[in-house]
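Next up is a structure, given as structure tokens.
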């Protein structure tokens, strides 16, 4: 190590920018506020402001006769949610959301489990991308693809016919509540589309939670004498619950608010989303639409408080 | 990595699941080249590129594509600015209300789209704003912020904070540090976030149906097409293109952020 | 000439925690000064206060006589070698080293030339085009050093820079750092939790404990005349005798420190100033250069005794665990301690 460093006096920078930099350095709170003001303004004014406007409108009065909205406050819209017709809509939507979440979890688990425990390197990357791609692929096109698949004479029917599964399909379609005239007008069809569209949202959180399991834990279980099946039931499954719960936030919430899929596939009858859309659009009853949006908000809040106990937030 | 082998049942379920996820997408690609002009019969009757030229000659298709690109570009730009600001402010600092702020950023994609959509619509109506181009952009930007935010904050967490201190220590002020150290390290994460936000905006339909007014974005155009069985070949071609526009960014984002954080913002 | 760095009653609080508590030090120009202490003792916070990454909650810091409060890091004539080196991963080695000159507006040709010189100074000439990830830990450490020194700071701050290196490399770098500091004649402020590192390199050492300074002294004085029980036990090993035993032996109730190597087994005539204690030998550890004997005294206290292993040595064979022994040392070898923090 020899020493031949020239000393040149560093040339000082001056000017307004340097001054501002110094000021922000001395006042970290000011710096923080300057950073936060634009996003907070946007979200506070536009997003939260809109939400509050909406809820407030839920108290306005809609005159069925003149089809106009007057700003006199009433509880009537919220009370109307409990009329049998509206309650039916809510029940239908929630049942579907629950069914979709359960089925997604059942389908997602083996994929996630295989990804986390039996793949590495390139195969893992392949699986990861193979799950991300359909997740990000256009929602409307995926829904459209299923209308093609399920249509009369479409791909699904072709497979059913060539595999000789027609009797089975007919049996399924004859089950009340699940079936219908054809696959594309049945609840079963709608359920399939929902499961398909939201499945990737379930796979990734479960995979992440399984990925975090240290291998030594499984070795410890085996070392203590557990059969593989016991290890799975006693160790792996309980520790993947937060992942499943996190995934179900997506499947539940996304199904709850959807109105495109129910309008494309399945029997007639509104979902919550469709009802909101119809109320504000064709009927022009914004107060009722506003009251209806409260339902998914409340349901999701309740759901979140449940899954939070299962550790879902740590697995997000 | 693991000594034991996966059972046949598990392998079948995993690979079968992947096939299930990709089959409908393949169908879309297949039908775009189908020679038939009305039915969706299977298997396809022949291969043609004819419908591409038909689709690209249609003014309504071109208009919808242009509109969607413009909206996605503007919404992405806004989201990148707001998302980056929020990430710079929130990483490494703890202050009262921090949790609420990050929750608020996530809310627009955590709550169903109808809520965001109708809330914005009711606010626009209350303020007397006519729904149109700008209202769509506002809606899209709102739910795209979190995508950029997630990507940027993930990169920040992976980047040693001492790099920023080292830069200041060596004589760089805040601006120089941002220009020479933060931005180059953030670049690819920012780009990845931007691409994902673009894809998300390009494809969004639920919020858009509320805020679009008379404008027809590409997804809304597609939705309207579903009621027109005679136009199916053009719909198929456009559907395939939309699929590509939304899928390619995920590949890009994956390669840009490879090595650690994965693609942040798995909540779409 | 004002001190290179002067702390006057400096405190730094994080919420309820006092990371630095009323610290006052003068660090002289051209000194190799170490801040030694366990993790969380406040030494790194002090370094960050000098660099400008933290602001004091109270007190004043002067750097070469200039009040540093409110001065951002980029306006202080100090540079830092970071514990994790903090090399910019997106720049090659030469650009890393030239960074400080670049942001100060030094022309490209000149700054690259000076960066190359700095790299040669740390024996990394010709490595400029590599990326930091292509270097070994020791090489990165030298790049970090060159990157700081190329700016000709008057004070160089080193935050446990050798912590990540293995033992041999660490010893080699200790020597090189010390030589560099002598040649450049600038102030080095060196943070470490390794007491032998601090002793072997420094002109003076400040021992930190719980945000306060227990003692500032030369390495020799720290070892020979520890001021507090904490220093006695943290710097080297020491027996601290307290209370009844201390007053019984020397007629003074203050705690006393006696180094294990200053104690021997009682053999032959007892000197006039010798003190003796007896107890049960319960453990013998062979340590190569020396052998350590652990004795449980009759009053329950422990005493460590260390004996150099000479070539011809009587060896440990003469003592067996469980044996009753008498230990003896000269009264002058005992150092009275104050309670410290």
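Labels for the chains are A, B and C, by order of writing; each one numbers its residues from 1.
By definition in this document, a contact is a pair of C-beta atoms (placed from the backbone, for glycine too) under 8 Å apart; a residue touches a chain by one contact, two chains touch by 3 or more.
Treat the numbers as computed from the prediction; the structure is a model and nothing was measured.
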Checklist entry - Where is the C-beta contact count highest, in terms of which two chains? => result A-B
Item to check | Distance-maximising chain from chain B - centres being C-alpha averages | outcome: C
Item to check | Between chain B and chain C, centroid-to-centroid distance (C-alpha), Å | outcome: 53
Item to check | Chain centre separation (chain A, chain B; CA means) in Å | outcome: 15
Next on the checklist: Taking the mean of the CA coordinates per chain, how far is chain A from chain C in Å?
Outcome noted: 55
Item to check | Multi-chain contact sites of chain A, meaning residues that touch two or more partners | outcome: 10, 13, 21-22, 25
Checklist outcome for this item: Each of the following residues of chain C touches two or more other chains, namely 72, 104, 151
Item to check | Junction residues of chain B, two or more chains touched | outcome: 171, 173
Next on the checklist: For the complex, give me every residue of chain C touching chain A.
Outcome noted: 70, 72, 75, 101, 104-106, 110, 114, 117-118, 120-123, 149-152, 176, 179-180, 183-184
Item to check | chain A-facing residues of chain B, complex | outcome: 1-2, 4-6, 10-11, 13-14, 17-18, 20-22, 24-25, 27-28, 31, 39-43, 78, 81-83, 85-86, 88-89, 93, 95, 101, 104-105, 107-108, 110-116, 118-123, 125-126, 138, 141-142, 145, 171, 173-175, 196, 199-200, 202-203, 205-206, 209-210, 219, 222-223, 226, 235, 239-240, 242-243, 245-247, 249-251, 254, 262-263, 266-268
Next on the checklist: Quick check: in the complex, which residue numbers of chain B touch chain C?
Outcome noted: 160, 162-163, 165-173, 176, 180-181, 184-185
Item to check | In the complex, chain A residues that touch chain B | outcome: 10, 13, 17-18, 20-22, 24-25, 32, 35-36, 38-40, 42-43, 46-51, 53-54, 57, 107-108, 110-111, 113-115, 117-118, 120, 127-142, 144-149, 151, 153-155, 157-158, 196, 199-201, 203-205, 215, 228, 249-250, 253-254, 256-260, 264, 272-273, 276-277, 280, 286, 289-290, 293, 296-297, 300, 316
Checklist entry - Quick one: in the complex, what on chain A touches chain C? => result 1-8, 10-13, 21-22, 25-26
